[in-house]
Amino acid sequence: MDNALRHLQEKVYEANMALVRHGLVVLTWGNASEIDRELGICGIKPSGVPYEELRPEHIVLVDMEGKVVEGDLRPSSDTPTHLVLYQQFSGIGGIVHTHSRYATAWAQAMRPLPCFGTTHADVFYGAVPCTRPLTEEEISGDYERHTGLVIVETFQNLGIDPLHVPAVLVAQHAPFVWGENAAKAVETAVTLEEVAAIALWTQVAQEAWQKLSPVSQALLDKHFWRKHGEGAYYGQG
Amino acid sequence: MDNALRHLQEKVYEANMALVRHGLVVLTWGNASEIDRELGICGIKPSGVPYEELRPEHIVLVDMEGKVVEGDLRPSSDTPTHLVLYQQFSGIGGIVHTHSRYATAWAQAMRPLPCFGTTHADVFYGAVPCTRPLTEEEISGDYERHTGLVIVETFQNLGIDPLHVPAVLVAQHAPFVWGENAAKAVETAVTLEEVAAIALWTQVAQEAWQKLSPVSQALLDKHFWRKHGEGAYYGQG
Amino acid sequence: MDNALRHLQEKVYEANMALVRHGLVVLTWGNASEIDRELGICGIKPSGVPYEELRPEHIVLVDMEGKVVEGDLRPSSDTPTHLVLYQQFSGIGGIVHTHSRYATAWAQAMRPLPCFGTTHADVFYGAVPCTRPLTEEEISGDYERHTGLVIVETFQNLGIDPLHVPAVLVAQHAPFVWGENAAKAVETAVTLEEVAAIALWTQVAQEAWQKLSPVSQALLDKHFWRKHGEGAYYGQG
Amino acid sequence: MDNALRHLQEKVYEANMALVRHGLVVLTWGNASEIDRELGICGIKPSGVPYEELRPEHIVLVDMEGKVVEGDLRPSSDTPTHLVLYQQFSGIGGIVHTHSRYATAWAQAMRPLPCFGTTHADVFYGAVPCTRPLTEEEISGDYERHTGLVIVETFQNLGIDPLHVPAVLVAQHAPFVWGENAAKAVETAVTLEEVAAIALWTQVAQEAWQKLSPVSQALLDKHFWRKHGEGAYYGQG
């Protein structure tokens, strides 16, 4: 058992550091967790610890009620959200929470991220849903647990299988992403951020196409043919 | 012949790694291939192998029907698209497929990328076309081959020489780019991504110019002259 | 006392270099300062010195009237702004000024940066205010001191506690950010830049959602199921 | 004299490499030159040579008519543009041409880049002008020389001193930037790119402010106070 927990800490540590490497977090924002369903133990990032100081042994181990079973550090303040998701989405093994720039923009717009192309469709079977905003009551009492509950409610109301759309946008907050383990959740968070960005630029492309005019044939001819074909005079030819 | 195939694998490996270096791919997205037209053999990235684990000997060698002629790995799932292009565009020797952020935005907008300036005109002789969306029938059967066919159809319908416009946007998907070899196709993919981005910002510049007002003469005077001329007091003078 | 000043220089040096590491400054733009309230001495970046040449001993020590108490270098031309803030905002110990891209955009738009989400709310208790433009008189005489005064005026008029909203946008100029010390002010400047960016993309997301349509069910099915479940044929299986 | 020319090559080489370091060029786009006005010799990047292969001795030395006075390589195809500027703008000593992303967007929009803030005003005394498009005749004959002439015409028509606004946007093309030497021109090109970007985001900020609404007081309270003051429960306390 000891070994299983050390291994869990290692994996959660690696996933948290991968968030930094992929540019998904700044400062101490964001956290990754993984669950050992056999032991009923979840490993999660400690609250507010800078990534450069983070070590595998700092990963906090909590039981399904959120009680720390080992270690002196406080777990992430988002721990109750993670635990609700592990309880309600039985098929998942790892969770990632970030405030990555583009996915957070969609969460702040309080809009689902529609599937505008195959990059999205490869990973998410339809729009990534956005929750409703929390009520004042939900915010003032047990806020982080309610964040988990509103995610579950969203998937239930929309009839979405969380294994088919392994991410959500929490309204006015940021994304939560999950998968079979923490490493897989990180990978899906990378995809979410990328498709969130591409979706924005799709809109700007649409506008550019409608409103701008191309260059003249003369300029097109000049620039293409000064680099191509017999009359080219660019380079050391 | 053995040496020619080893060399082909090397070149395809280098082109795939260059995609990563140029920031055109994330995770395992994207692939590059090159053809040895004499041998009728195409080298292409294996499917779903992480770039950090990729080695030259992993490059899958397939014949023109897509049969693997050497190696244990499955070729990229996009192999049938590459093969259609090699068959129909006889002047090309290398192909690159990415989901690079800005080019993909144009593909998702289902709009051709117009030529808005000389950066574009230097490499593409006119707009980079966008295919029509595939039909349900084309999607459900032999999807990747139909992706190649709709690219060819697009160039034929528009009467574009694929050597003069060496790239296409597949609607709701992403770009395919080609050239005399894989290295050249990578370079053209870099250009495509750059001009796709500049085209977006051209639209925002146009709007900014129409809607915003410049600073006052007083502020302009203050900031310019505190750094320039006789009364300057910025720096160690 | 000598040691206290050396230590102050070290901390101010570190904060200035952290601005570079976080990508908040280009060329010689931006500066960080910290005050030793006991000694009444402020350490600040010298004017126009390139970051790569900056050493702790270059940090200029000035008293509360801006007189250099040690060193041969001229202090940042923004020193009078820093001093006004230290005088009027008694609870702060460090100040950072940058022209970071996204926060500066909001300053140029002459709009407060509204709180669109929890990333913002975690650090700023409400909108980050924007000053009024300076008058011609304020610009032409004692410009940098007036910049400080208009910041103070803005917080007084709006009744904002500068410890609850530790940043401001100076109209048509750029942000000033503060905190208990210079290191903390740098961290807050990182957050400001990030939430300024996310706020922009929130607007674009809103537009994209209103104006674009998602892909067909057929394309969604194809791409999701070619990578997931029993019929998947992506990767090395 | 030999030494002076070696030194000129060194400086032009350094300026060209600085363009890469500052992220202002991709592939082989862009070039920097410097003139030795005493000798009447201009050093400029050779055409189409990749930056990673560039060495100081590759810098091509040309006289004021563009004749190569030393070396086997062809000078940049933009050499005639540089020479017109050196001839007509007698106070300048170095020129940089890039297709940097944001400045090029403004050139493609065929709009001057207005001065929206002090970052701009610190370096450019007013809007950075945009030329008219070249005529078909100008494009088809002596294109690069006409590019220089239309720049000069723009400054003359607008009555702008090129030392006060040391840059121009060539319509549908890209920026040219100058200064007392090549190193200074590179620095100004960095500023131009940065203010071109900030100007775009100023427009988006303006729109975001007009169209989006902030979060509720309840959410603001929750997030700010869970990290600040007596009831805070974030971090390791």
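Residue numbering begins at 1 within each chain, and the chains themselves are lettered A, B, C and D in the order written.
Everything below uses one rule, namely that a residue touches a chain if its C-beta (ideal position, glycine included) is under 8 Å from a C-beta of that chain, and two chains touch if they have at least 3 such contacts.
Keep in mind that this is a model prediction, so the values were computed, not measured.
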Partner chains that chain C and chain D have in common: A, B
Homomeric contact chain B-chain D: same or different residue positions, threshold half: different
A-C or B-C - the one linked by more C-beta pairs in contact: A-C
Magnitude of the superposing rotation for chain A and chain D (Cα, nearest 5°): 180
Distance between chain centroids, defined by C-alpha means - chain B, chain C (Å): 36
Between chain C and chain A, distance of the C-alpha-averaged centres to the nearest whole Å: 26
Per-residue multi-chain contacts in chain A, two or more chains: 109, 116-118, 172, 199-200, 202-204, 206, 212, 215, 219, 222
Chain D-touching residues of chain C, taken from the complex the two chains share: 26-27, 29, 99, 101-102, 104-109, 111-118, 120-127, 164, 172-174, 196, 199-200, 202-204, 206
Residue numbers on chain C that touch chain B, as the complex places them: 46-49, 73-74, 77, 109, 133-134, 136, 139-140, 143, 172, 212, 215-216, 218-219, 221-222, 226, 233-237
Residues of chain A touching chain B in the complex: 116-119, 187, 190-191, 194, 197-209, 211-215, 219-220, 222-224, 227-228
